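One chain, subunit A, appears in both complexes that follow, with subunit B as partner in the first and subunit C in the second.
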Partner chain A sequence: MTPGSTSAACAALLRRDLTLAWRRRGDIAMPVLYALIVATLFPFALGPEPTLLARIAGGVVFVTVLLAVLLSLDNLFRADIEDGSMEQLMLAPQPLALLVGMKILAHWITSSLPLIVVAPLLAGMLKLPAPATPVLVFALVLATPLLSLLGAVLVALTAGSRRSGMLLALMLLPLCVPVVIFAAGAVAAAQEGLPWIAPIAWLGAGLAMAVVLAPLACAAALRIAMDT
Partner chain B sequence: MDNSRHDRNNRVMTSAPHPAPLLEARALRFLRQDEPVFGPLDFALRAGEVALVEGDNGSGKTTLMRVLTGMLRPGEGEVRLDGAAFSLDTMAGAVVFLGHHLGLKLDLSARENLRVSVGLYGQRQGTSANAALAEVGLAGFEDEPVRRLSAGQKKRAALARLLLLPARVWLLDEPYANLDREGIALVNRLLEGHAGRGGAALVTSHGAVSFAGGEPRRIRLHA
Partner chain C sequence: MANWVPLWLHRLGSPPVFYRFAGAVRPWALGLALVLAGVALYGGLFVAPADYQQGDAYRIIFVHVPSAWMSLFIYGAMAVAAFVGLVWRIKIAEVVAMESAPVGAAFTFITLVTGSLWGKPMWGTWWTWDARLTSELVLLFIYLGVIGLYHSFEDRRQGARAASFLVLVGAVNVPIVHFSVNWWNTLHQGSTVRLLGPSHIEASMLWPLLTMMAATKLYYIASLFARVRADLIASESGKGWVRELLAHRDGSGA
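Here is the complex of A and B:
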């Protein structure tokens, strides 16, 4: 890879963000612990009846993961804007959308991947039937990058404003409704022994569209945010 | 446009005719909510030239820099780079910008920060990160997290980027801030080296700056 080529730039940025995340490993554990604790609260609040828990398990895991992703999204671009790294990214010869896409990928690897890894554990705690667990993981693999991409656009849009955490939640959560419906729908179908591929395919279609469009929207929004 | 005002605002020395200037501003003006921030401003920087943008606090030096990088859209006028109209989409990477925010990651070492910049912008032939860090006086601090460096050392770590990247136009916003006497000499040395290689640089400063290698051009902004 020659320095300055597009692939070298993507690799350099991905490596930078992963190194930074690794240097602050405690931050990676935070969303995971949050998801674990929230999921534990449900049996306490609703009672430990296995049939009830099994019925709500899929939905609880998705909502928990969604909230944990939301929690970690806020800082996606802020650090880069505050220390001037975003200016350096904008002036680099590569398309900003591509670089932003790399940042989203790094964010997904460091915040969503650990959640996907512990999801079977959460599902087990909530007595989700074992045959539905692979479907749950599959749905999460498609749903979490979709959440990261949608969230990144909104983070970029609110990048100019201080204390945008609550605003971000208010804007992002309505957009997540279809994602939750399709993902939880797939798990519910699998639990009842019905075909579950259709909602998964919808998630895949949404993800394909978001992969193409979200980085472009992010780049445009960041340009506006820096234009002050 | 009012010509007398124009003359008062910009005191730019004219130099001998040359091929297309590396960086050129034509009747450049920037308005913030219809209030003029600076301009109209005309200047041309040719290969081997360093110009100093002077002005008091609030006279729009940083704004001018951000307009020249393409991050801010000018209200009127145009910026030309190497004879072609400048836009972020086509010409990005041709200029390197060093602003108030240094663009360093505090959790990474100076060497790792340089590696990221080189990955994004490319590397000038015959340069190495170690040599660049030694040149800016950070030998022995290469692998220290930037967080542990002093403000002046952080600035030096950011200056090392200038030595490595291939861009021919440097836009340096207050490069002298936080630097000791030796650091100021270092910036001047870097600028002289850059001019010697056929680059051009625009430097802002609100203080008096003296160059060892002859008087730089001055572009004056009025508040």
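Here is the complex of A and C:
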């Protein structure tokens, strides 16, 4: 890789973001703890009956993961905007969409990957039948990048605004409806012994589309939100 | 030469010109909307016969169906205005897109409320997780998100541009939401009014419906123009034409 080339810039940005995240390891654990605690609340609220828990387990894990991703999204661009590195990224000769894509990838690795790792544990706590667990993990592997990509576009839009936490939830959750439907649908189908490949294929199609479009949209949104 | 149309549209992009144009059109649109709504309600509530299966309860469609059409139509109009505003940076288009959102949200809300009032006697429940109901609810949330994003910026223009972008993201996503929810669950009846081919609806029921549709469209125009005028006065308050307007009004009022 020649220095200054697009691939070198992407690699450098990815390495920088991962290093920054690694230096604040405690923050990586936060979404995981959040998901664990929220998932623990469900048996308290609904009663510990295993059949009931097994029926709702897939949906609860998805909604919990969605909320954890939502919380972690809030600081996707914040530090960069506050210390001015976002302006430098915008001025860089490399396409902003690719650089933003790298930031989203780094964010997915640091916030969603740990969630995917603990998802089987959450599912076990909620008595999800063992054969459905691999489907759950597979669906999460496809669904969480989709959530990160969609969320990144909306976070970019709120970059210049005063308040963002609740607003981000209001904007992101309606757009996430298809992701939740297909991901939870795949797990429900697997639980009932039905073929689950169709909803997974839809998720994959959505992910393929989002990987192409979302970084472009995110870059455009950042340019809109940052110009003053 | 027919180049007066683009010329006129171009001039309409200027806030004072649009302000005067909207002020001239608004009373006519509002008056006509009220007359047509009165005629349609009379036709729907008194002239049209009762349904053989649903009795008189079906008459809520004369409010429900036009509102549902408007909830989608306004989103379309808003998306077009947002696109024009983002691409050509026309201020009026941004204002039109942003001021459409509350009207659209109101129509969506009316659709949901009348639908649930109708659902209680017909389906035996106020709310059901049916595909059309759910996508209408998601549409309401998207409208509210647009309104919220617009108002969360200090700078109105910047807020309008960000929210316009959200409108376009939503425009890509709303069909996906609709189809995914359709795949998920459906109970709502299919549509009976077709643009092409024969409608599955009696003519005496159809004309009040179509009249009401025209009335809601005109009401949208009247409401939108009133909102745009207020928004323009607020955002252009430092400009000369607003000062002139106020001075003129004070002069005539005193």
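Keep this in mind: the second predicted complex is superposed on the first by the 228 of 228 C-alpha atoms of A that agree within 3 Å, B and C clash if a C-alpha of one lies under 4 Å from a C-alpha of the other, contacts with A are read in each partner's own complex, and residues count from 1 in each chain.
The definition used in the following text is that a residue touches a chain if its C-beta (ideal position, glycine included) is under 8 Å from a C-beta of that chain, and two chains touch if they have at least 3 such contacts.
Because the structure is predicted, anything quoted here is derived from the model rather than measured.
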With the two complexes superposed on chain A, say which partner A:Met90 touches: subunit B (first), subunit C (second), both, or neither. first
Based on the superposed arrangement, let me know which partner A:Arg16 touches: subunit B (first), subunit C (second), both, or neither? first
If we overlay the two complexes on their shared chain A, which of subunit B and subunit C does A:Ala217 touch? Say first, second, both or neither. second
Which of the two partners, first being subunit B and second being subunit C, lies in contact with A:Ala8: first, second, both, or neither? first
Which partner does A:Ala208 contact after superposing on A: first (subunit B), second (subunit C), both, neither? neither
A:Ala225 contacts which: subunit B (first), subunit C (second), both, neither? second
Does subunit B (first) or subunit C (second) touch A:Phe182, or do both, or does neither? second
Contacts of A:Met171 with subunit B and subunit C, given as first, second, both or neither: second
Please indicate which partner A:Leu154 is in contact with in the superposed arrangement: first for subunit B, second for subunit C, both, or neither. second
On subunit A, the residue positions that both subunit B and subunit C contact, one per complex: 227
The answer for subunit C against subunit A in the complex is residues 86, 134, 138, 141-142, 144-145, 148-149, 152-155, 158-159, 161-163, 165-166, 169-170, 172-173, 176-177, 180-181, 183-184
Once bound in the complex, which stretches of subunit A touch subunit B? 2-5, 8-9, 11-13, 15-16, 19-20, 23-24, 82-85, 87-94, 99, 223, 226-227
Provide the residue numbers of subunit B that touch subunit A in the complex, in ascending order. 69-73, 88, 92-97, 99-108, 112, 115-123, 166
Where on subunit A is subunit C touching in the complex? 153-154, 157-158, 160-164, 167, 170-171, 173-175, 177-178, 181-182, 185, 202, 206, 213, 217, 220-221, 224-225, 227-228
